[in-house]
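Chain naming follows the written order as A, B, C and D, and within any one chain the residues start at number 1.
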């Protein structure tokens, strides 16, 4: 329906704010058709998130796997820009939720956003293999060559600090028995690992899958839409942002900048001292 | 330590970014002393949030109760400003996480913020009763009279739509057996209900406890700090914001405003047509 | 330098926070080499913005033209999502700057963002005409055909409400004498108008240039970078957001949603009432 | 009208979005009764901001003084949290306006917010002197003693880096001739300086007025409302945030954190390595 204006839809009888998610009436809060009081206590946080986003209740096993991804991405310390921004915000005298929002505002294409790109790549690779009736290794090899030719970054692979990320192994370890018992297809986990291994081979050095990569694979396995990935990561890393902002707020320090005022950290590289010539005067 | 400058602390040997929360090294991510790979799959979302915020792993039963609060507050439909702002943001061509941040930025003192005020009131009421060795009913009666005299709003009580909120009953129902078996003290649940009931009596009409009120009571029962409440609610309502923003984004409508352009919805009430006199010219 | 890591630069001797913009020392604030106390009172708001962004002081005439663009985009009423979000935020109990930031967060690709795209198109069209030694009309015709073939939207042309935007005429009226006296080249104003007129001809109906289009043309005339356009518009529309948020805050209304709770405005279209089957229980 | 619900107002015949600021119709954009095309080119940025906020066109002289305040606060380098947050955001792959919004979100009570508090103090001090028919020095002395007794910070006085802020002198220098010719009353400039001087005397050491203090005095002189101060500063410092974010974006560095990964800058101070006991398992 892309491109259609809100006014057009409204004139054709839609509500201005149509929603399939929730219905609120006096003493009633219904989510996707379920009474809220039935959901409370019976479904978990990841099940609620999935229900809100996708319209169905995820089964318990998949929900635990999804939850493991949310836990795994929760924090990467104060050198992450999202965490640092949340901590600085907490010292500036704004509402605490706004400090959390400040951090989440940074989780864009380059900071956690690789999960969305990874999911798109995984869904696309699988479809291409199905449609062209080619084996996965071949499709992956072709797509990888193309990306390298265009100097595109492979999403979900590589890390500036880690070369063997412990979070990735653990998540694969949790997912594997589920593949064996048929609870999840397993194909997206396989595709992502194949991309990593072919890239390592081409580069002739060890390369780690990163947390965005394994999150992409698992979120494809349980059928989440790629376009929602940045929102999901916002609620995962949001935990770390809230905790770090709270810790900073507790110190009572005000207007905390990014680093101490040392010459080698903050350096002016602009023009020498000069004066207006007079012509610019207002 | 309030008021101390970041520079002072640093000069005394602290790191600029001191944290007790996490330690990140090559191929190591540790949270509060635990290896991340041990946490993944073994602790739940609410346990991870509690661990990050408070430093300890909440026991399974309390964690389920905390999770129920997170689920209960997740959505209240597109008439909530946070949800509407998130949905509008999703039609404006920004990064999806920024749409989520936009909604969370609105969860301030008047929009979910009553939980923080409620928690402070509950902790304070309990302390006062302990210190002055007065019974709770008496302390509550005095504090309520004082609030009414100063025309202060009682946090966590009353709702513009509901007069008997089903979410509140359900959460009390889940908490009560835990009080009976001694898993939580129960005193904060009791205080909040006493405030509600004394207020209803004084006003001589039925008044509901709201979701902020029951969240305050339960979060005190499990020992969360009041100052973190807005951050916690950000992660609860954040689920609804993400889902609604995603739904709106899927419609493909662009630059969606708050309502259709109808005279009785958007009304200009300013001065009649006029012109500059010339003296104001730049 | 794209893709280089901050750590690499630092290891090669750069400051972590290198800047050519400002130098702050005890009792000294210098901007691009000028003492702040010389700038204050001598240069105008648009000159300061240009100096900070581009490194030079814009001459008085160009500065007035730039200022006219900032004034022209300042407000488009509460049906604009940016304005509505700012107003709603002002009723939610957050810091007032955060209400302003909420509105600005919405000024993305689809809400004012056409100026950036327009500037890129104008710079590109001019360069192509220069490099290929083709006349402008021909280059524009080819590029327009290509955009129509790919169903791309022409940035800066068309408006859902206006078909003859009065702000555009006024800005052209102010710019024209400056072209005549050689203060600005005039070529970008000409290109944008040629795009509008060729499109109107192809569509065989009147089409207005919009405020993003004329802003793009003028900002190219004075040499601003396309990539800064969304930041510039943030400071233009930011005036309207601040004023509307302030007006809303003054009413004292709390937690104001987007529209009244009427059936035809807020409509639930999801699944009928249903219950959990039991298998989903946590 | 505080506390009244939006629904009540609407039911009594108000529009849901009532505004005295702007009226938008087909091919018409009117601001406070003026046609936008008359404003463009005839009034300056500070006049437009004042018109939007206060409803009238500020005269040219006062507008220049207001503009000087906007210019003076525009930047304080990358060690300011607002600037650093904007710069980091620009490396995270979000829409550029969202990077600007991130910085503005930090301009709360403790980061520029002293202007609002200062304006309230100045208006209050003047009223008290008028009502009680006491001389200003006396009222100021009493209020200062009271603030010191309650350990309240005097807004607008003192700076962690500067002890003689050059921006303040320059702004006083620009305002003084206007007081002499009766263009502004001068009383608020006088009150703020008296607070500074009495505090310096009591502390027996030199103390500077800061940029928030002089901004408060001038904004009172021209009749701006205190509650709008954080919004106004958002548009002043917003210039610096946009310019720094743009500079950072141009470097092409991705996901830039607050500081290099050095032990003395980022320090873990939490518990030693430990393991789960098993009881916490989900």
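We adopt the following convention: a contact is a pair of C-beta atoms (placed from the backbone, for glycine too) under 8 Å apart; a residue touches a chain by one contact, two chains touch by 3 or more.
Computed from a predicted structure; not experimentally measured.
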| item | value |
| --- | --- |
| Same-residue or different-residue interface between chain C and chain D, half as cut-off | same |
| Most widely separated chain from chain C, with each centre as the mean of CA atoms | B |
| Between B-C and B-D, the pair joined by more C-beta contacts | B-D |
| Approximate Å spacing (C-alpha centroids) for the pair chain B, chain C | 34 |
| Approximate Å spacing (C-alpha centroids) for the pair chain C, chain D | 23 |
| Euclidean distance of C-alpha centroids - chain B vs chain D, Å | 27 |
| Sequence positions of chain A contacting 2 or more other chains | 5, 7, 16-17, 19-23, 35, 39, 43-44, 64, 67, 77-79, 84, 91, 93-95, 97-98, 101-102, 105-109, 113, 254, 256-261, 265-266, 282 |
| Chain-level touch network, classified as line, ring, star, complete or other | complete |
| Residues of chain C defined as touching chain A within the complex | 5, 7, 14-23, 30, 32-35, 38-39, 42-44, 47, 55, 57-60, 63, 93-95, 97-98, 105, 160, 258-259, 263-276, 279-282 |
| Complex interface listing, chain B residues touching chain C | 64, 67, 77-82, 84-85, 88-89, 91-94, 98, 101-102, 105-111, 113, 254-261, 265-266, 282 |
| Complex contact set, residues of chain C against chain D | 1-7, 9-10, 16-17, 19-24, 26-29, 31, 35-37, 39-41, 43-46, 48-49, 52-53, 64, 67-68, 70-72, 74-79, 84, 87, 91, 95-102, 104-109, 112-113, 116, 161-167, 169-171, 173-174, 225, 227-235, 238-247, 249-254, 256-257, 259-261 |
